[in-house]
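Please go over the structures that come below.
Look for subunit A in each of the two complexes below; its partner is subunit B in the first and subunit C in the second.
Take a look at the complex of A and B:
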């Protein structure tokens, strides 16, 4: 029942918020609902560990004649992603406090609609239901960016929508195709889809459809060109939802659907497809070095970091895939932290242009400290969350192919380069006319950052609990591959 | 006992946490007690560990850090004579430098922040040397790099300093990637990261196998970055931008020696890879020569010491490359004493001259700064290798081993010894002897540093003077205490070493010693003649000297070969690939999609509210119909 509640509650909140007219009420209600949702996910976590890692299944027949059922469950993979989502959504809502938002009710409503979509994606065990929630998550993201976004938002968000939507259509075709390859009577249930009978050449087409759909969502080089513009133009909560959560849908989809169904393509193509994300790591890192806009720099760094995660998933071994799961969580937490910091900086200086900033650390030592810790997480310093994931991914990749690991490993050099250079130009040096009046963080502003820093260190120092969940989920996928 | 050992790194961490969280609230006086105090207790605890140590190593684990099926990385410590030696150096020298910093940083606004970073550094450095496996060592390895970054750029208003800090971090990270890959190869070969398991298995492997060479080479790349050897040494001179106590602690006594420690710790692996040993020897030799040459022509008091540090680190690697593990560790220890002393002495001079670092503008400071002068003199004599100071014994141990291994190597090493003597005496004379060449010597109120700074100088001077007695060679009737203490750690490596230096007859050893000593004294005399009461400021027209004065243009070459191309590639990728190629294809396809599906246009019609409302209602209906019907 908890699984059902996790999906149902955000939907309820989304509906309820439509009838709230006053901004203050909408805000408080939204935050309260997000916290309740977080509480439920913690309950689910407790239950998950109590019942020895069993699936928390919820199942309803729906369109049974077509073999579609509302089958949701929580295994280790889902649990991690659900926790990430329910942890980040209240933080994202909290950061909107004190901001002027047009039509707040619709805004918060859309956030919850997106959360419902994410919950469905992360817990669906039926291919068609997965697809429906996948699209459900896209639409609110589009609206948030298109209606509350900044400069040139219509053109940029339309590109974002069209691009990701066409990817999704490919996936839909693949899922339906798979359905007709399942044993009679056909079904969209994940067990049936896993067992579908594909000829080698069909495998490649199904793989490609999945791969492109997921690669666009993550995004993986060279399917990434919608992403930097969208991150920049979207309002901060939108960028956080996109970078922190929506990008994980693609990676999660790879582990849940693409790998179990079409892993043999990866085996027979000898790392051909891994070249793309690995190239992306170097490519996006190099581009990130010269970016002048803070959000755009984070966007490119995200392509590099998630490229490493995708590569880790596709080398098909347990360590790399578990590392990928941990890194998905870490990246989500860190990128939201970084966007919060940038939001605070923009609120104070009215700019996100690196070349206009400087010397903020003099005026705002607390901001500087939080920024530094989250940045260290992002560049994978040991004892921060970024290290655990990257270490395991690179170790797994090393077993698969040493050259790939060495090239992907360049990320530890590049990320230090562009991140520290950015930090130096924004935070260090002397103040200028723009940063002269910057004030330090208030306690209220520090709350979400404290939550994030706790997670950065918790996962970095005691990753055990998170690794157990990842181990359970990944173990099943690896079991299918063997 | 385990609690005591755990407290050794935990106390500095605690100091960091308190100072970091109470950044503004804690008064300077409290910070001045808390910062050095935690290190002092750690030092005392390390001494207790030493006295209770019975020569048999023991390991213990605290918790599983990363553990997944076959990958098990416990957070565990290994206490043996090597780690105890390092713990004592780190906490002992660290404490002295912390005390000195109370005086040196007393006027700085970032006083608390400084001690917070310094404590954090000690924590990571202790983790590095106490770890029982490579992965936990890597925590310390990267952690000290972070602290180095934070402390080089301590005065962060100055972007020049920040550039130096960033450069140090990036160059270290290049090495770290090597370390990381070496670690992975260790794991895939031995199925473990733990020293004991790895070395136990390695012992049974044949020497010179490709895997062993690859492992040791990759680890050596890490050492090259951390210990500033060619080609990754250029960050260390720049790192002098940090406060002088930082240069003494991090960039002379401890962090930069981490590479030496790591290679010594992995001795068993290295002796099984003669190729790597040779590469290490050549790298060390080239580094020693090149940086000693540069040091001769430097005019910044700290830069001379920085290049000297690189050169001395080269000595240690040279020792390692001939299998003289004890010699390397011995020199690491004495170098920690005298180089920390020299840096702190330089700091005292800089403090007295209110920031002046150019030795051409110094001179004649002997009388104004007597304590600084006498201790600096001890440091100079020690590094030059005059008996009976510590540097004499540690250098002699290395030279003896090198002689037994290869005559040409020995000749070059002796040449570097002569250069060392020259640049150090040049530095000493230019700073303290002769007349003052400052811009306006009368108006400068030159005063000796307060005792909170001079007492540490005296302590280090005593150590630099007598430290060598810990390992008096047998031919002088000594017992080689340090050698015996470390023997169990290096036993396997020494036994397996194929390139074992052969034994040198006592008479030959004596005569070598005398020859080296005479050459060193000669250089001291030449330095005296060349510097005292001469004008040092003229630029040379000799091409070779100009080349050396400009540090062989290595920074410029790196800038031309790596930095600028990287930026240019970045721009080119953005302009040509990103915008003109990939995005055009996408947009082209996108236009097709638009034509294909007109329906999408309705999404922009503006009736979002209604649209959404119906969508949610639809979903809810589906759910309800299923539940209630």
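Take a look at the complex of A and C:
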């Protein structure tokens, strides 16, 4: 029942908010609903740990004659992603307070619609239902970016939509095709899809369809071309939703669907497909170094970090996959934190260009401190959240292939390079005309950052609880592969 | 049967009201009459009778489709008052002809005999030739009717010739008799005369449905025809023709691999490609909807090559989802044309700001036609695609899905214009019944997406 509520409540909130006229009411209601949703996910967490780590299953016949049922459940993988989503959405809504938003009710309504989509994606145990929620999350994301976005938004967001939609259609073909390869009577249930009987050449096509769909969403090099422009042009809450949550849909989809069904392709191709994310790590890092726009830099760093996660998933060992799960959570938290900081900087200086900034730390020491902690998390310093995940991924990759691991390991060096250099140019040094009047953070502004910093340190220092969930979820996937 | 009689009587009554000059009574009478016919049609459920020596066969699939046709016509009439509100003269002739066209369409969904099919198609077509030209003062309307009439009557000749050849070889017009003839000759191969007849018959039907390469009339005719009647053409006429074709194939070739399957599949693929690619380059919504309807005919052809127990139902669901979305799109098109005088995409700029319900309706309609879950259009497409993959038409489904991906390029044009472009400040004049109707269509589109099982196991 909790699982159902987790999906249904955002839908309800989205519908309800559509009719709210007053701005103040809309934002308060939105924030309250997001907190309630977070509360429910905590309840689900408690229940998850109390009752034997089993699925909180919810099943309802939907199109029984077509083998589709509304089957939702929460296992270790889902639990982590659900927690991440319900944790980030209230933060994202909070950061919109005090800003002038055109048509606030529709804005919050779309955020909840997207949350409903994400919840469905992370908890679906039925292939077709997974696909439906996958698309349900895309539409509001597109509208948020295109309606509230910045310069040249129509062209950029349309590219984003067309790109991701084409990818997901490939996945749809693959899912329907798999359905007809399941044992009779066919079903979209995940257990049946896992058991589908594919010839080797069919396996490759199904794998490619899944891989491209997920690679576009993450995005993995060379399917990333929509991403930097979209992150830059989207409004801050939109970038946070895209970077923090939507990119995880692709990675999650890999673990939940692609790996268990077509892992043998990865075994027989000897790491051919791992070359892509590993190349992406180096490529995106090199580009990130040269970026002058803060948002764009974060966008490219995101390609690098998520490329490492994708590589970690595809080497098919428990350690790396577990690290990938943790790193998905950490990256979501860190990127939202970084976007919040950039938002604060832009609100104060009206620019995100690195070369125009400088010396902010003198004027705003609190901002500088928060920025530093989140940044260290992002470059994987020990005792921060980024370290746990990336260390495990690299460890797992070393077992798989030394060369890949060595190249992928460059990400840590590179990210330290571009992140710290960026920090140096933005925060340190002397103030200039632009940054002279910068004020420090108020208490109100610090609340979301405090929440994020707590998570950065919690996962970094006591990752036990999160590791347990990841271990449980990954264990099942690895069990299928063996 | 009762519904056919009641519809015919309704058409005559409408003409009488026209003679009596009771203009205000027309639409209420029509709406009530259509509802009554809809109820009668639904009451035929599970009746399973054949009438007049198998001329008409009342079976559940026929009942379902004829109910959809009557329902779509009802919805279109809900918008008639707004569309014709500046016209002073009584419109009994146009309304009556629409209802007679509907009678033809209903006959096409019950036929058990090729003669009946021809009568149905001609009743429908002749009425449509008149309707296409019903805006007498407009040169585009005259162009539309002339093009439609010349091509349509020529292709009706094909149809009739095909029926004659089939009769010549099989010795019967009756679908079941033709089926036993086909079954008899299935092993040794059908004689050339039958094949030629089949070929001509198929061409005649494909023309009505606007399948490439017989689709060239559609954009011009759709554009020239008065918009309300274009909506009628794109939904009722299309649904009736597609189902008539399905009915013919599914009965005469029941359990036998059709010789025509590959041809239809290739034509469907060509239609999907042409419809979607050309749709990208249309400057206005009406022409775009014409190409959208062409590509949707292509998707519906998937049903022709993929017979299984559930294909008829897939086609039914698809027709419903396509019809309600298309009618909704045309309804908004009517409003914008009225306010702006044209329907170029620029006319839609920023209308979402002041006309939220209307913009939302059009957006949902476009998303549903694109096939984005969880709207009705997605479920319809899924049913058809699944049926096709089940029968081994994977390549055709991949073409169809690629077509859907391309279609984003044009279905999103009005959405982008309405929501993301600068406001051009128009406020659409919308009456209350009109607004309720479009809201109803929107809710139906969303509801069928969430609760597809309501209609998934019917026939």
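Please note the rule applied: the second predicted complex is superposed on the first by the 482 of 482 C-alpha atoms of A that agree within 3 Å, B and C clash if a C-alpha of one lies under 4 Å from a C-alpha of the other, contacts with A are read in each partner's own complex, and residues count from 1 in each chain.
Note that in this section a contact is a pair of C-beta atoms (placed from the backbone, for glycine too) under 8 Å apart; a residue touches a chain by one contact, two chains touch by 3 or more.
Not measured: the values here are computed from a predicted model.
Enquirer: Based on the superposed arrangement, let me know which partner A:173 touches: subunit B (first), subunit C (second), both, or neither?
Expert: The second partner, subunit C, only.
Enquirer: Going by the contact rule set out at the top, does A:97 touch subunit B (first), subunit C (second), both, or neither?
Expert: Once the two structures are laid over each other on A, A:97 reaches no partner at all.
Enquirer: So in the superposed three-chain picture, is A:392 touching just subunit B, just subunit C, both, or none of them (first/second/both/neither)?
Expert: A:392: touches subunit B, not subunit C.
Enquirer: Check whether A:162 is in contact with subunit B, with subunit C, with both or with neither, and answer first, second, both or neither.
Expert: Touch partners of A:162: subunit B and subunit C.
Enquirer: Spot which of subunit B and subunit C makes contact with more residues of subunit A, would you?
Expert: When the residues of subunit A touched by each partner are counted, B comes out ahead.
Enquirer: Touch test for A:153: subunit B only (first), subunit C only (second), both, or neither?
Expert: In the superposed model, A:153 contacts subunit C only, not subunit B.
Enquirer: Is A:289 in contact with subunit B, with subunit C, with both, or with neither (first, second, both, neither)?
Expert: first
Enquirer: Looking at A:458 after the superposition, I want to know if it touches subunit B, subunit C, both of them or none. Which is it: first, second, both, neither?
Expert: Neither partner.
Enquirer: Pick one for A:31: touches subunit B only (first), subunit C only (second), both, or neither.
Expert: Neither: A:31 stays clear of subunit B and subunit C.
Enquirer: Counting only touches as set out at the top, which of subunit B and subunit C does A:143 meet: first, second, both, neither?
Expert: Both partners, subunit B and subunit C.
Enquirer: Touching subunit B and also subunit C: which subunit A residues?
Expert: Of subunit A, residues 61-62, 136, 139, 143, 146-147, 154, 158, 161-162, 165-166 contact subunit B in one complex and subunit C in the other.
Enquirer: So in the complex, the part of subunit A that touches subunit B is made up of which residues?
Expert: 8, 11, 14-15, 18, 60-62, 70, 106, 109-110, 113, 116, 136, 139-140, 142-143, 146-147, 154, 158-159, 161-163, 165-166, 222, 225-226, 283, 286-287, 289-290, 318-319, 322, 359, 361-362, 365, 369, 376, 381-383, 388, 391-392, 394-395, 398-399, 402, 405-406, 409-410, 412-413, 416-417, 420-421, 424, 427-430, 461-464, 467, 471
Enquirer: Going by the contact rule at the top, pick out the subunit C residues touching subunit A in the complex.
Expert: Going through subunit C, the ones touching subunit A are 310, 367, 372-374, 378, 382-383, 385-386, 389-390, 394, 397-398, 401-402, 404-405, 408-409, 412, 416, 419-421, 452-453, 456-457.
Enquirer: In their shared complex, at which residues does subunit B touch subunit A?
Expert: 20, 23-24, 63-69, 71, 135, 138-139, 142-143, 146, 149, 153, 156-159, 162-163, 166, 169-170, 173-174, 176-177, 180-181, 184-185, 187-188, 566-567, 569-571, 573-574, 577-578, 582-583, 586-587, 589-590, 593-594, 600, 603-604, 608-609, 612-613, 615-617, 619-620, 622-623, 626-627
Enquirer: Write out the stretch or stretches of subunit A touching subunit C in their complex.
Expert: Checking each residue of subunit A against subunit C gives 61-66, 128, 131-132, 135-136, 139, 143, 146-147, 153-154, 158, 161-162, 165-166, 169-170, 172-173, 176-177, 179-180.
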